[in-house]
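Alright, structures below, take your time with them.
Both complexes below contain chain A, partnered by chain B and then by chain C.
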Partner chain A sequence: MKARSIAYAGATAVLLALIALAFAVGRYPVSLGELATLAGALLSNAPHDLASNVDTVVLQVRAPRVLAALLVGASLAAAGTAYQGMFRNPLVSPDILGVSTGAALGAVLAIFLSLGALGIQLFAFAGGLAAVALVYGVGSRLRGHDPLLALVLTGVVIGTLLGSAIALLKYLADPYNQLPAITFWLLGSLAAVAPGDLAIAAPFALIGLVPMLLLRWRMNLLALPDDEARALGVNTRRLRAIVVAAATLMTAAAVALSGIIGWVGLLVPHAARLLVGPDFGRLLPLAMLIGAAFLLAVDTLCRTLATIEVPPGVLTALVGTPVFLWLFAVSRRPW
Partner chain B sequence: MTRLRALSVAVLVLALPASAQAQAEIVDGSGRTIRPPARVERVYAAGPPASVLVYAIAPDKLLGWTRALRPREAAFFDARAAALPELGRLTGRANTANVEVVLRARTDLIVDVGFVAGTYASLAERVQAQTGIPYALFDGRLDATPATLRALGRLMGDAPAAEALALWFEGELADISARVARVPRDERPRVYYGRGPAGLQTGGTGSINLEVLDLLGAENVAAEARAGLVTVSPEQVLLWNPAVILTTDPNFWQRAWTDPLWRAVDAVAQRRLYLSPHLPFGWFDFPPGPNRLLGAWWAGRLLYPRVFGDVDLEQKVVAFHRRFYHRSPSAEQLRALLGEPGVRPSQ
Partner chain C sequence: MLAIDNLAFGFPGRSVGRDLSFALADGEILCVLGPNGSGKTTLFRTLLGLLPAQGGSITLDGAALERLPRAAIARRIGYVPQAHAGYFAYSMREMVLMGRTAHLGAFGAPSLRDRALADAALETLGITALAERPFTEISGGERQLTLIARALAQEAQLLIMDEPTASLDFGNQVRVLERLEQLAARGITVLFSTHDPDHAFLCAQRALLLAEGRALALGPPREVIRSDSLERLYGVSVRIVRTDDGAHTCVPSLGRQR
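After this line comes the complex of A and B, so read on.
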């Protein structure tokens, strides 16, 4: 009990410190004094005499980006935790049912059609939802197999199909104009997040989050075989559908905002499990805290290391690979 | 050295009587020796810049476009060019062409214009070995255009036409350089080129995408960034605070005016955010062919109004179109081209 409280308190403290740091650093110099003045002015709703650019940098650039990193990190970690538990597999990531691939196809199609940033985000979101709906619709109709196995296999094959569609669009895209835009989107980045983009993504992510948090104690039952869970009076089919829908909403909203950022949804659940054990009720909030903190740290590095942006997926992989191997080496507990 | 050798070979070829059977060997831009057939009538352009150059030198010899012209693009060409088939790209970067299509088109010569580095040279070598069709590769940089025109003209047996184009192009480049030389450093505004839907992709000195800016000796705020396309953060753009922003993306151009972030940048606040024309081929960035000469005149006027103020853009467009696209745009087309929002300073 005590160790768990320490884990929660520690993660929260690290997250708060990271948020403060993220607001304080960046390519555009904003001093701590200016930050404090701005915060004071905002809290008291009074005018301030700061240069207007300070206002713009903090409120239009850093704030949405910090919030987006928190949102995307927490969403990916929550979805990854839910899926790893549900599929009883430590190598599962939020993309197992095709949500990222579907979102990528939507975004690539939008770029191919020369739509603007808003169109790309909406297409990506819709693509993610549609892909999972397709996988779930097909997978749950395949009778005579273990329902989870059927879902996973359907996810894999439909994901491959969507991947080919992306490849086809890349092939047909204008090589000088659209192809670079597609490549950059697929690399993932939070550089272009504006307050408006966040306003679209956040409600969907929160709608997905609520049922997951409310049902988190029951989700342990999803790890049981169906007949055992049914013996305990739980309709696993319905519970599973709710979890998939919630995780999909969160992930699709996140990916539409950031593009594809790997490793967060795979790595963070393991780190959280190491700290508080496999019980989903305790695991989910901590995984979200760690996910938010991890992506915020990575993104803060991405935007401060160099004049140009570093793709976050590169940094998460660089950190993720050794940490994942280490976690596996030290972990003795059942996942 | 290779250029010198190529030149002497060319002089030799030109000196030969017209009745000479097989043409002599020619060294292409990558240093490979090409032996073209005696008569080159059917040329396959492997990428968009090559299409533009081949069409400019000898419109009847171009077998097709890498991508069929869209109606808005075709409107700038005569009926034959507008109807040329789509044959696909053969460049290493993103092949869409089938080698059999190239063979079936009874191609005499394959031409690619762009990078001449190892990857592309080896690709050309492979296709040449596979098809038996000579495959020449030439430098696509803007300032190499006259040399490329000349070499290509010799290869295609159209040296006089190519020479005329090359001379004219050289004159234009020299005119631009002479004007740029008259702009003192402190009169050069800090300029940012924003690509992509969010305007956050740009390039450093030496990027093929920003050759026009390099030609204009412009103060590219991202000069220090890597050559090639990179993503930068909005904060970095605010920090650079460019006085002029050029873009090729209509979505970004539209959105920047109302986006609080971009409105905090001097260029947008002063209404110096410009959108490059893109018909029939892009003016500023892509495809990276001679079409970017118009982008240089366009951007020159926007960046250095004092020295480029007397340049008549309409006249430049007509002159370029007549020589390279073999058809003068109609008055209406000119108006549409230059009258699109963002192309010219709004007063």
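After this line comes the complex of A and C, so read on.
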């Protein structure tokens, strides 16, 4: 009990410190004192005497990016937590049913058709949802197999198909204008997030989160063999459909906002499980805290390490791999 | 309680058994005996509504089983499957607590009363001291006891147990059989399978001998478990010995297999 409270408190403290840091550092440094003054002024709705640059940098430039990192990190971590439990496999990431590949195909298609930023985001979101709908529709009609295995295999096969469609579009794309844009989108980035994008993505992520919170106890039973969960009174088919829909909404919203950022949905649920055990109701909030903190840390590094932006997908792996191996080494708890 | 009439069961496209009829009385212990592959587990899964019946009817408390929602079945029938290792490190207490699911609302989480019932089930099985151990790290016997405790926490009127003594040492086998008797004395009906005919002699009111999915015999153990029926069932030679205090036991004769 005590260790769990420490885990929540620790993760919250780290997250708050990282948020302050993310607002402070960058090409135009803002001191913590200035941040505090600005926050105080905003809360009391009073005017402040800071340079207008500070106002612009913090509220217009950094705030959307910080919020996007929190939203994407928490969403990917939540979806990964749900999927690892449901697929009874700690090596599952939120894109196992093809949501990222579908989103990528949508985004690549939008770039190929020279649509604007909003078009790319909407195509990515729709592509993610459509890919999972296709996988789920086909996979759940393959009777006579283990339902989870049928879903996973359908996801892999259809993911490969979508991957070749992406390859075809890359091959056909204009190598000077479109191909770099496609490559950058596929690497993932939070640099271009505008406040309007956040307003579109956040509601979908929240809608996906609601069933996970409500069903937090039942989620545990999906980790049992199917027969057992059903004998304990769970309609596993319906529950799985709800989880897939919820996790897909969250992941598609995240991917549409940031492009594909790997590792968060795979690694963060592990870390959280090592700290508080597998119970979904305890695991989900901690995974979301850690996911938000992890991606915010990575994104802050991305924009401060060098004069050019480093793609966050590269850094999540660079930071994630050693952290993951360390966690694995020091922990004695099995998954 | 549970009644089946002319039941045919199996997997889609493959028949496993048929022509099975019996009714379970409150507080009765029925022991199912049969060689590997005779359809015991498939029968149990059908009785739990996990597999659709291929013919005949299953009636639970007067209602057709296939019309009952999963939670309604789970409030009446508890299932103790053959022990498995599990995938995630839930503690034994958490595993037992999952038995309360059918009594919770769709969005509910266990209350203090549910936790107390889970703890009482752990206590009944004598595994309270191990309650915080992860299910993935305990022995096969401890897993089996945990799953039985979970079925108790489920507060079902009928327990269906698939070889509940399979991975237990001799002492724990006896303790589980004692527990079954105590449950039956409380009015709970128990349907269990075993590979040891002596278990039927020890605690069952009736034994069902299942051969290739059909009832070879059904009745009080002392009437249906005989040297000739066991020989037909398992293909080995067995003597039934009556001890001085009136108990029955099976003694196989080695080297005389047919």
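List of remarks:
We adopt the following convention: the second predicted complex is superposed on the first by the 324 of 335 C-alpha atoms of A that agree within 3 Å, B and C clash if a C-alpha of one lies under 4 Å from a C-alpha of the other, contacts with A are read in each partner's own complex, and residues count from 1 in each chain.
Just so we're on the same page, a contact is a pair of C-beta atoms (placed from the backbone, for glycine too) under 8 Å apart; a residue touches a chain by one contact, two chains touch by 3 or more.
Just so you know, these numbers come straight off a predicted model, no measurement behind them.
Contact with chain B, but none with chain C, is seen for A:194 once the two complexes are overlaid on the shared chain.
In the superposition on chain A, A:179 makes contact with chain B only, not with chain C.
With both structures placed on the common chain, the touch criterion links A:216 to chain C but leaves chain B unconnected. In the superposed model, A:230 lies in contact with chain C only, and not with chain B. Legend: residue contacts after superposition of the two complexes on their common chain; A:281 is shown touching chain C, with no touch to chain B.
By the touch criterion defined above, A:319 reaches neither chain B nor chain C. When the shared chain is aligned, chain B comes close enough to touch A:171, but chain C does not.
In the superposed pair of complexes, A:273 makes contact with chain C only, with no contact to chain B.
Residue ranges of chain A in contact with chain C, taken from their complex: 85, 88-90, 143-144, 214-218, 220-221, 223-225, 227-228, 230-235, 273, 277-279, 281, 333-335. Residues 48, 67, 89, 91, 93-94, 96, 195-198, 200-201, 222, 224-226, 229-236, 238-239, 241, 248, 250-252, 254-255, 259-261, 264, 282, 285-288 of chain B are the ones touching chain A in the complex. Against chain A, in their complex, chain C makes its touches with residues 12-13, 45, 48-50, 69-71, 73-75, 77-79, 81, 84, 86-91, 94, 98-99, 101-102, 104, 106-110, 134, 136-137, 150, 154. Listed in rising order, the residues of chain A touching chain B in the complex are 26-29, 52-53, 56-57, 60-62, 111, 114-117, 120, 170-172, 174-177, 179-181, 184, 189, 191-192, 194, 303, 307-309, 311.
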